[in-house]
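Worksheet: one structure, shown below.
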Amino acid sequence: MIFASDNWSGAHPAVNAALARHSEGMASAYGSSDLDKAVEKRFDEIFEREVAVFFVGTGTAANSLALASVNRPGGVVLCHREAHIVEDECGAPEFFTHGARMAPVDGPNGLIDAANLKREIARFKPDFVHAGQPMAVSISQPGEAGTLYTADEIETIATIAHDRGLTLHMDGARFANGLMASGLSPAEMTWKRGVDILSFGATKNGCWCAEAIVVFDPDKASQFPYIRKRGAQLFSKTRFVAAQFMAYFEGGLWLDMAGHSNRMANRLREALAASNSAREAWPTHSNEVFAILPRDLDTRLRAEGAVFYEWNPPHSMPDLTSEDETLVRLVTSWSTEEADVERFASFLR
Amino acid sequence: MIFASDNWSGAHPAVNAALARHSEGMASAYGSSDLDKAVEKRFDEIFEREVAVFFVGTGTAANSLALASVNRPGGVVLCHREAHIVEDECGAPEFFTHGARMAPVDGPNGLIDAANLKREIARFKPDFVHAGQPMAVSISQPGEAGTLYTADEIETIATIAHDRGLTLHMDGARFANGLMASGLSPAEMTWKRGVDILSFGATKNGCWCAEAIVVFDPDKASQFPYIRKRGAQLFSKTRFVAAQFMAYFEGGLWLDMAGHSNRMANRLREALAASNSAREAWPTHSNEVFAILPRDLDTRLRAEGAVFYEWNPPHSMPDLTSEDETLVRLVTSWSTEEADVERFASFLR
Amino acid sequence: MIFASDNWSGAHPAVNAALARHSEGMASAYGSSDLDKAVEKRFDEIFEREVAVFFVGTGTAANSLALASVNRPGGVVLCHREAHIVEDECGAPEFFTHGARMAPVDGPNGLIDAANLKREIARFKPDFVHAGQPMAVSISQPGEAGTLYTADEIETIATIAHDRGLTLHMDGARFANGLMASGLSPAEMTWKRGVDILSFGATKNGCWCAEAIVVFDPDKASQFPYIRKRGAQLFSKTRFVAAQFMAYFEGGLWLDMAGHSNRMANRLREALAASNSAREAWPTHSNEVFAILPRDLDTRLRAEGAVFYEWNPPHSMPDLTSEDETLVRLVTSWSTEEADVERFASFLR
Amino acid sequence: MIFASDNWSGAHPAVNAALARHSEGMASAYGSSDLDKAVEKRFDEIFEREVAVFFVGTGTAANSLALASVNRPGGVVLCHREAHIVEDECGAPEFFTHGARMAPVDGPNGLIDAANLKREIARFKPDFVHAGQPMAVSISQPGEAGTLYTADEIETIATIAHDRGLTLHMDGARFANGLMASGLSPAEMTWKRGVDILSFGATKNGCWCAEAIVVFDPDKASQFPYIRKRGAQLFSKTRFVAAQFMAYFEGGLWLDMAGHSNRMANRLREALAASNSAREAWPTHSNEVFAILPRDLDTRLRAEGAVFYEWNPPHSMPDLTSEDETLVRLVTSWSTEEADVERFASFLR
């Protein structure tokens, strides 16, 4: 009953097999091998257009370098107040951008509210140096609260961003989960609706360490190789990332794994809905479920071996729980076992 | 006949097997799993003392974060003029330290000359803010030129550094090759002779992606977890690094691989010594051989399928080659085949 | 009728006279002249203890370098959401700290609410690297909204900060105005109540360019000379700052100027209170007055030659004004003429 | 007999008078006053073209922000090994550029040798990310060694830089001294020969604190206002810089002061040439003279009240002095008195 995080899972056997298969012989390093090229080609196919792809080692690196690549002096990134780039990356985005500010935008359920976004951007008067200058909007799909933007919502946000000359970045640490939950195609969930640059995560969904930055307009990526190398994210044996991606995409494995993960989460949601003591904190759409548990149930679950994290209540919901309740996060993954879910569910009844 | 770089090799089968073995089940993320702890313990044993160990993804990250952790405002790192941190990391050390300067110290064969080091440090008068302040000395063992410091030379440099309150950092991207070539123990090659912090590389020697920063005085590492996370180098599934290290150390695999690699290089050296057209550019000691080739031999070797890099002549040897010669680097690895070496050697005759 | 900002004033004649007087002869540069030392001594007297003083050129530099000097990796500064360091310094604090985050804390009237501060700090769990680590609390006295903390409020905030090992920084860009409005002594408004480091501004109050960072525990300032020089804030002819400060303190000129400025602001407040069309937006205490004006009055005032800035409504008060109203800021200075104030007041009636 | 540095002088009376004159009344802040505009216009006239001008507070700021404005990821600045930006700015250029490297180029007498420059640039292969990418060449006119480039030498260097797409920056901390010594016009010494961006210093030559960055192609300066503000170099009362420049240019005062300063230095050179114990270390051209003094003469001069700095021997001249000699720097300024020079000269005989 381990629902701590999807990064508590290991790698899918197919990923390990690919690593073993591709470990033989010599291959040119630093991203120039045939395998690297083949994977880049797969990205083109998946996104139905030519894209520029850069492998990196962590989701934090993907987000931070993506934002660094579009920063301006005094730059400001508009993002949700509870975004991963604000709450969970130890200031890496600020560090890699040399001090861009992550300016909080509020909105329910971890999603940026378009009207708020518009108002926050409008606070920055053109050529008023004192306030700095907005340079990007960053959204997470799905976000830290496990929720999803619709394609139309993405487009609305993109339009607001582009009207002011801002880049739209998407943190897709759980991109496959977002795809499966929304039913959108990769293209439709991104560039067709205005996303300019994507952090494409595979680590949480069955790889060891496979993250990529996807720049939809390759012409805008000319400085990226230097940004990545300077950021200590250019692996020498890049084929080890490429091999993971190869297995990940092969036969739709990535979507199968995300589908399983989402189904397991949905089963937890159903159990919460049927519970008369616990309840869902807010509607979630992918493989994260946020639950309010009575403290005694929390204690009992942990005694039975369940592992999950207590969660900081979002800024917008300071009174979410009473004294004898607690807010927790339950995350499922490609390797979550159905029996575990059912056992957990049985305690919620 | 591929002697381009040791990072053109893949991973040893034992490393892949360890990855497969450890990919099952759930394990706590971000460095807190049992496997992570077990590997940390192995480092203590290898270095015969308690050390603080931090896994990172690239050698550039290891060097850059190591230096960042000991930096001071206006900090200066004394290092060889041809050091990897100067020539090959795209300014990452400067970037992660927020602008520390890599101040060049000259010395023959890629090694810092102690007298030069002393003189360069003396240029910095205490409390003279204009010049900045030295904060570390960094040496590579073996260095970019494939050469080694003796234990006594390390100690001499350490004493010069410590007399001025500077940290001594060692770039050990090819640490195992250095061990095997020098016959020193890990402890003797480092902290027993005054090294304070080590970049411990395993990627070039049979792993996929396994680098570690070893801080010999764990009390000095209290801020390092934040430095690493902010630097986007904290992997979520750290067991994938830990598993590689586990296999790497198991039964002395790491030393066996480095020994093979060094022997193959030595064979190339012998062939150069016996050649009447090519010659060694300077004495090298581990798994890199620098050769001066007649251009027509260079052409012929490449036509026969040999792969190796032309090399920038060191600053100290601008007239190393004549018009019809070229300086090249030949690197061997754990997977270099003896037959390839012999075939290459046959062309040198 | 110019109430745009107190930095629209020039310098007091006594300041110019001091510059002329001290411009003769040679004096040692970079802060080591007798005059520099004499001014440092004056700071000791004013604050009733030995302090470390560092002159810089702008208030932005003072705040940014002060925070840089106490930063930690992944550092977070807790400050009011509308603080000058957030809204008006183009990301300089983030830049000079290499990416520290300015984390917003809410509170009425531009002042941090102690309970909110406590809750925000508590969100950072010790040793949880993902969130970064708080490193300082920064308050402004008076703040951007023209309001003041009481000595007890400062002490309460200091206690919360110190309990977590955080530095308390005070942005005193209008320090003299704060002193005169509060009736506190310099020591009582700062270190006696727990302030650790102060940005001491004189530019807005009758100097040309005279700002100082005051570190109350000189032992903690050992790296500051390097931080300042690296930050390009070490003037060569520092006596030009010292001479300004000398004149500024001479005979209590600084307090006289601030007193005048505060009185002029108070006169504007009285006029607003008596007005039947305009009103004070929130209570202000020093030399800034925030007013809600009917748009037609705003237009008329500007037509009569009045100069003042429209103001972004604070985040906490989005509905401060109706469609036909506007929020404006009126600032007085040492050189504001009483006749101008009276004329402006006459239009408010 | 104070020849320590030209920044030991105060400000010219005309500069103080201008400050007093312009301190009255209100003027819009942050560079937008009429006076600011008038001075910007003066710069256009002086350089015979439209330029973009940005006032800053220190020469270090001018150099650092100039380089920051043209930096690229992994950027490298080619400069003389003894350049002020390397030796005397505490790493500020690295800091403000977020870690650009100042790559040393050798050349006699503190001047870059064009052939060396070409070779160093050629070490950077296009698209080879490991080495970083050159982004600018920086020269000083006059340089730290007091020497001057001819207009043709500047053009040669500019051509080498531009052929590789690099910006040519000139550190003109003593720009007026360079003009007077070379006989060139401001335009001829800069953009007409290929200089792209200039640090224009006036502080050392009779101002208190007046430095400017001049961008010869104003179209390339669009981000500069943000770079300056973020760098904490946007003064609020910018008219205090503008007033200094106004007086500085008025009636050619700047050239008169520099002419005096150069003449005083030349008198020292003549005395050295006539001396049978002391000698010039290398030929210098403006207001700095480097002398090799017998240690007993050094002692005697200091006993007589002479003040001057011992100098680090340049890297290229380690054996400049014998045991009983010392290398010193003598600097003259606008306020150096002829009698002092003559008295000093009398000791050299």
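Note that the chains are named A, B, C and D in the order they appear, and that numbering of residues resets to 1 at the start of each chain.
Following the convention adopted for this analysis, a contact is a pair of C-beta atoms (placed from the backbone, for glycine too) under 8 Å apart; a residue touches a chain by one contact, two chains touch by 3 or more.
Heads up on the chains, UniProt names are A, B, C, D = L-threonine aldolase.
Worth saying up front: this structure is predicted, and the values here are computed from it rather than measured.
The fewest steps needed to get from chain B to chain C, moving only between touching chains, is 1. Taking each chain's centre as the mean of its CA atoms, D is the chain most distant from chain A. The mean-CA centres of chain C and chain D are about 34 angstrom from one another, to the nearest whole unit. Centroid to centroid, with C-alpha atoms defining each point, chain A and chain C lie 40 Å apart. Looking at chain A, residues 30, 73-74, 89-91, 95-96, 98-99, 129-130, 132, 226, 229-230, 234 sit in touch with two or more other chains.
Here chain A touches chain C in the complex through residues 73-76, 86-91, 93-102, 104, 119, 123, 129-132, 312, 318, going by the rule given at the top. Touching chain B in their complex are the following residues of chain A: 2, 4-5, 7-13, 15-17, 19-20, 22-30, 56-61, 64-65, 89-92, 95-96, 203-204, 208-209, 226, 229-237, 239-240, 307, 335. Residue ranges on chain D touching chain A, taken from their complex, read 30, 72-74, 98-99, 127, 129-130, 132-133, 223, 225-230, 234.
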